[in-house]
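Notes follow the structure.
For clarity, chains are labelled A, B, C, D, E, F, G and H in written order, and residue numbers in each chain start from 1.
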Amino acid sequence: MGENERQAVLMSGNEACVEGALLAGINFFAGYPITPSTEIAEGLAERLPRHGGKFIQMEDEIASMAAVVGASLAGAKAMTATSGPGFSLKQENIGFAAMAEVPCVVVNVQRYGPSTGLPTSPAQGDIMQARWGTHGDHPMIALMPASVQESLTLTIEAFNLAEKFRTPVILLLDEVVGHMREGIVPPRKEEIMIKKRKKPTAPPEEYLPYRAEPDGVPPMANFGDGYRFHVTGLVHDETGFPRGRGSDGDYLVRRLTNKVKNHFVPMVEEYLTEDAEIAVVACGSVARSAKRAVNLGREQGIKVGLVRPISIWPFPEKAIKDLAGKVRAIVVPEMNLGQVALEVERCACGKAVVYRLNRIDAELITPDEILAKIQEVK
Amino acid sequence: MGTGKKVRIDVNTDWCKGCGICIAFCPKKVFDPLPDNKPKVARPEDCIECMLCELRCPDLAINVGGGSDGRK
Amino acid sequence: MAQLEIRLSGFGGQGLITAGIILADAAIREGKQAVQSQSYGPEARGGASKAEVIISDTAIDYPKVKEPSVLLAMSQEACDKYLESLRDDGILIIDSYYVKKVPETRARVYSLPITELAREKLGKVIVANIVALGATVEITGAVGQGTLEEAVLSRVPGGTEELNRQALAIGFQLGRKQLEK
Amino acid sequence: MAVKELLDRYTRMEKLPHIWCPGCGHGIILGSVLRAIQRQNLEPDKTTIVSGIGCSSRAPGYMKFDTLHTTHGRALAFATGVKLARPELNVIVLSGDGDCAAIGGNHLIHAARRNINLTTVVFNNSIYGMTSGQYSPLTPHKRFATTAPYGNVDHPFDLCQLVIAAGATYVARGTAYHTQMLIDLIAKGIERKGFSFIEVVTQCPTYYGRKNKLGSAIDMLNWQKEHGVPVKAAAKLPPEKMEGKFVIGELHCTQRPEYVEEYQRIIDRMERE
Amino acid sequence: MGENERQAVLMSGNEACVEGALLAGINFFAGYPITPSTEIAEGLAERLPRHGGKFIQMEDEIASMAAVVGASLAGAKAMTATSGPGFSLKQENIGFAAMAEVPCVVVNVQRYGPSTGLPTSPAQGDIMQARWGTHGDHPMIALMPASVQESLTLTIEAFNLAEKFRTPVILLLDEVVGHMREGIVPPRKEEIMIKKRKKPTAPPEEYLPYRAEPDGVPPMANFGDGYRFHVTGLVHDETGFPRGRGSDGDYLVRRLTNKVKNHFVPMVEEYLTEDAEIAVVACGSVARSAKRAVNLGREQGIKVGLVRPISIWPFPEKAIKDLAGKVRAIVVPEMNLGQVALEVERCACGKAVVYRLNRIDAELITPDEILAKIQEVK
Amino acid sequence: MAVKELLDRYTRMEKLPHIWCPGCGHGIILGSVLRAIQRQNLEPDKTTIVSGIGCSSRAPGYMKFDTLHTTHGRALAFATGVKLARPELNVIVLSGDGDCAAIGGNHLIHAARRNINLTTVVFNNSIYGMTSGQYSPLTPHKRFATTAPYGNVDHPFDLCQLVIAAGATYVARGTAYHTQMLIDLIAKGIERKGFSFIEVVTQCPTYYGRKNKLGSAIDMLNWQKEHGVPVKAAAKLPPEKMEGKFVIGELHCTQRPEYVEEYQRIIDRMERE
Amino acid sequence: MAQLEIRLSGFGGQGLITAGIILADAAIREGKQAVQSQSYGPEARGGASKAEVIISDTAIDYPKVKEPSVLLAMSQEACDKYLESLRDDGILIIDSYYVKKVPETRARVYSLPITELAREKLGKVIVANIVALGATVEITGAVGQGTLEEAVLSRVPGGTEELNRQALAIGFQLGRKQLEK
Amino acid sequence: MGTGKKVRIDVNTDWCKGCGICIAFCPKKVFDPLPDNKPKVARPEDCIECMLCELRCPDLAINVGGGSDGRK
């Protein structure tokens, strides 16, 4: 960022992600090009060596994810970025990172799927995959920015959460946010809260790499710091070694899940929900249309509000449950065939009627469409 | 050199993208560039039917020696 | 000004996306809100190209342009395709070099020899986008000339500043002449 | 044969002109593959073309055969399934340097090891064209790409040597410039039973050319002309004269049991039992 | 199977899957060894060539999935089998198969995850992944056998559904079912209904490979049959060719989803639900414990029943909604941290209280535990 | 040095005895790796051992360093991250023939191509041990495995040749039998900057041995003794005498810029700017 | 007979899983229901090994054995580990060659020289599992001798039929002697 | 031929799995097999301290020449 003026700068969501990563202190990026995420790799290829960091283009997405985990274990703040097909390929090693508790950030700039789909077109079809893409029970944190500014701040936040919880964090952009340009005011270094992984205080002989503290997270030594510990994707006990026991699995996988479930504070934007009778729940770029629709609705005297899950995983259950207790109807517009709606329906628990609004023709849902739905269910 | 006789050389200008490869590599300089850089068959009588233009055209836009009744 | 929605269209390689970025950049420099977006074709190269800019004094939610009030068309195809979306009270700016058939419209039409001038006066078709930008800004008053020049100079490759400054000047002049008409 | 007949018989003309940039070598290779198919007189109904993802991998869409445009890097694995399930089909794989040597590298060496009867043509433009110019495993050291803004740190594969070491029985290298030779090489690759591999050095003027100031497609073809040295000539040149150049022609041709036939032998044995 | 007596035969779930596949007419298998699914590959390595079919061990799971799709396009009935980590790797190409409408069967013998986990231990942690593992919206059919017999019959059914719907079908075994042995009576060839993909009736010139019939499924030519068609993972129109248009995507992805949603008949076993006040919803091996618990509960006079989704995807929404309208409480025992429960909660829509019972210590949930829960919620 | 000291300094004794079967060669290789580490006097706190999944990949668990037991086939990719992020670490990768040459083949050739300073030791027992005896890409033709009940249709890689062709700068082959040579080869691999690769032919009596009736671990070691021919001796033997045998010793040793250093050069250049 | 639950335990390599399969197979041959399952150690080889069989006249739901009524223990470790789960009215059969320390239990205990006899009489420790199976069946009456023999012969490698028949006979005899006691 | 003096050879019988490799390959036949096939150091005086048994023991169960005070 260099300059320190408060002048807004025009940049794209992908570029803001690069800036955010640099502000968060990234020093390692491994990736493999794929539309529409490639600008993130390109930006970091150029910027990282100037900051003494390393960029590597690996042979594929699997290797990129692996290298990121390796680098993080060696102490780096590490990130990778990809889109749909690459995100599918990374899943096995995302699960490894979750299991071995290796902090890292995985950016998925969602494009139109399934399969190769429409590589340059927007969609929000990977929301459920972000939660469930890898096998087995596992914790997952995923953030969905709705603006270029937020693309920057949530990238920083993603690093912070990764370091805090020792877990992979997914930044789920959509193509609209990734490619559009807005003026943003990058924060000054000193304005940013940077979270770093807890270091062990115990001497190496006493270090138990997977002994969690009350927050559910074990302190983490770096490879090369003299702790000489073992990391594995097998079920392991507090020493980090596998013993093949189901009881260790029970303890470990519950701890992994609970450290996030019990200590992560869901991030939600609420807009005009106080007196709302109808609510819209929307994420990412669609939430921008939704906000406009809410404003238009209010102009028409409709008591409508917006809830925007910023952290989509863990799903903000409480916010939606509270909402369902308050409003009569919930409209869920998404650029997919209904993924967030599943969780909204579940949390609404019959208390509010959930209406879906889905568009999968590679166009951003418009405010008018959402407004029409609001009027319909009014 | 050439056969002296005019060889029929067809350029599909709808497909041609004006890369200029045919013009540059024709050993007999049979083509001249048009303003949009597409080839004009300027000297068909010089053509020796080496087929290089046809083989190298990235857009499959050149046909040398008539249709399927061509000699090649 | 409430919200000004501009669409710059033509074909790949004309630098319309760069033009859009520069326009949005200029708006930002003036302390306004701006969103720039673009369409990618299936292959992200060749074919039609389109950049959109929204300029506003207040926060911009929906970031796409549906019914622009300004349409720049630098190819016949683009003109034919996007004219429909232009508001009735809108402004259509066409590059007369490429758009020979001006369709009927209730919008105000400015037919400018953009590419022609770029070629004739500067010998570089490549800066036609800057010429167009100058004219568009002059005609619409979307941003100030000064900030536009700043934005242009900060976004073009080093060594081409003078060329682009000239292109911009030609564009401004072109626009002014139209307004004077 | 004139191109018209070629187009009629082997292309989906309604899909042409193709999407490739002006001067892109991929079109030259496409033409050469079609001519080789014609030379070998493959039955169109019994020929399947398989590709991955990339500019090059768009080629099959223009070809009037059964065509399969798969996922990035996996063409050879899909093709292995096609061939094993229906051995009478002629299966030709078209791939890019990124598709085949980066993400697809493992499938390449394993297909070569099995010596399965496929013909693979790699459109090597030293870059990821489709995604706008990142370096590939075949981008030369120090060259520029969007992800190599300070010059490529990586060193490239000698892909032909790699595939030979992996076990392929026919390996050749051609260029888009040496079109006639290229047709010969591909035709022979098709003819040979076993895994045939033809690397084609070609030009991407849009990204590789522009990023590295290599001039127009014509300039890049001229570079191929000057730097591609036929096997025989190369053998006679002292190493220092080969510096920066590359060998073209047939690099390796040998015989080994072919995979599908070997498997069929087991089936036949079972039936006899 | 050879012999034709009706004598029961002892075999494992994995072995029964092999028998089922052979009865269904499999002629191609590509795989990569992984516990606890390996016996399926080993069984087919031995059996397939005796039936004139082909087995190939590929270099990895990605290649295996690819080869299966390739073989199916060439007319084969093709299958692959794997477990957790391999299932994660196959996801990208499963999405391709869904998009390009290539029939095939993917067996996932679930093991304890995430990551390498406990390779030889049971879990049901991949249920959500089976639905959402690949990127983008896509249809998915997944079946969960609860016995060795069913492992055989559902393998046949999986092939039938794959052929009928032109889509990948997932057979989701769990390690308990995969490895336990029971006596089963393999059906005779003539007793089995074998479904084959629809062949085009149009001549090649008129063949539109992606023009669907009223059932949402287009007839499918084989490679090599003279139709010379194009297959891609890009969004394509009825001709099979991509045109890069969002409207094609809208049409295609909705059709893909609807062909399954509108024409697939969910498979559910209901047991003693008629007069039930409490219901257990359980799948796979856990359903066996559940059935026992239901019987024990009935012995104690508790009006309890069991609903067992046999086809877990598409989720049997109607059955669960009906159930929720009928019973007071639903107990959902699973060998995971609550995956089926999510859908049950959603479908219950507040009408019945949903209680979770989760065990992730690598042991099968016991009838006693389920019974205790039933008593608790009674 | 006596084994006691070796164990004290470099192993997690509380984890021993290891899980490997009686006579499994993996233990011999583990001992050799430890001795090579000792020979090179690597600082234990600055040494990281990385493996994939397999019997062989269990080795790091017994070694008192920072140890990383990754996913199947991906060890080299993880190791690349470790090394790039912290170049001062000595990074050694231990892998199996399945792990490294089947699912991990692509990472292997790319690590070799980059010539990144890692030392890779492949425990080649010609089989997937961990999953109970399926064929690997190094199982010889016609040999038996649970997935090759009629004899292996595949032909194996010459993995050393492949890695040489991919660009590795140090490549050697040893056996579990020739233990002293093996220690030398691994030690030299560690010493050399760049990508070093040591294939170790070893025995899996439990699966490969049993399936192929090769006798006890002792018999299998004897086979290694009789079939492993040192480079120099091999050079003197006529081809027919090498039939069925394999070359052991240092096969390739050359110099090329190392990846991490090359990258560091860019960083340094940026700083100077 | 309601439901007979049998656990066969020892260490890897003793062939206990094979024994379990044979037992279940025999039950099936008699038209009964049977489920056989086993535990895999983390490495699926070496260490403890365990096979379980449930035999019943009616359908078997829960397929695992929690509290067996019959426990065969062919190693001290297995005996120590699994005895607890044996029902009080159950039967414990131990191989006296490996299980030297017979723990206290309310179950009926049969200590048999299984491996010893296999070694002494047949020279093959490898068929100790079959000897054990014979004894177990004789003592428990789980299945008939005839069907057990059928099952054994159909499941052992070709060429070893005679050896296994003998092993079975030894087992039967061993069991009978105990019952006669 | 051995040093004549008894070399100290320790076998860790807890770790030894009785594979017999040490016994089979000792050039001096220093070991005899015990009933469980583990090695008995039968002729330590014949040991030439070639270290092969130590190097080849897959279970790291043999130590030749005493502890860290050994001569090697």
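Details
Quick note on the criterion: contacts are C-beta pairs under 8 Å (C-beta built on N, C-alpha and C of every residue); 3 or more make two chains touch, one makes a residue touch a chain.
Bear in mind the structure is a predicted one, so any value in this text is a computation, not a measurement.
Under the contact definition stated at the top, no chain borders both subunit B and subunit H. Chains that count as touching both subunit C and subunit H, per the definition above, do not exist in this structure. Of all chains, the one whose CA centroid is most distant from that of subunit H is C. Remark: subunit A and subunit E have CA centroids separated by 30 Å (rounded to whole angstrom).
Averaged C-alpha coordinates give centres for subunit E and subunit H that are 56 Å from one another. Between the Cα centres of subunit A and subunit D there is a gap of 39 Å. Residues of subunit A in contact with at least two other chains: 35, 49, 59-60, 62, 85, 92, 96, 115-116, 118-119, 121, 232-234, 242, 244, 363. Among the residues of subunit D, those in touch with two or more other chains are 21, 71, 102-103, 105-106, 110, 132, 137, 150, 154, 263, 266, 270. The touching residues of subunit D, counted against subunit E in their complex, run 12, 15, 44-46, 48, 50, 60-61, 64-71, 74, 77-86, 88-89, 106-107, 110, 263, 266-267, 270-271. By the touch criterion stated above, subunit D contacts subunit B in their complex at residues 1-8, 11, 16-18, 20-28, 30-32, 35, 176-177, 179-180, 183, 216-218, 221.
Subunit E makes touch with subunit A in their complex at residues 62, 84-85, 87-89, 91-92, 95-96, 98-100, 110, 112-119, 121, 123, 125-126, 128-129, 131-138, 232-235, 244-247, 249-250, 253-254, 257, 336-337, 339, 342-343, 345-346, 349-351, 359-363. Subunit A contributes residues 27-28, 30, 49-50, 52, 54, 56, 58-60, 62-64, 66-76, 78, 92-93, 96, 222-234, 241-242 to its touches with subunit F in the complex.
Considering their complex, residues 102-103, 105-106, 109-110, 113-115, 137, 150-151, 153-158, 161-162, 164-167, 256-257, 259, 262-263, 266, 269-270 of subunit D touch subunit F.
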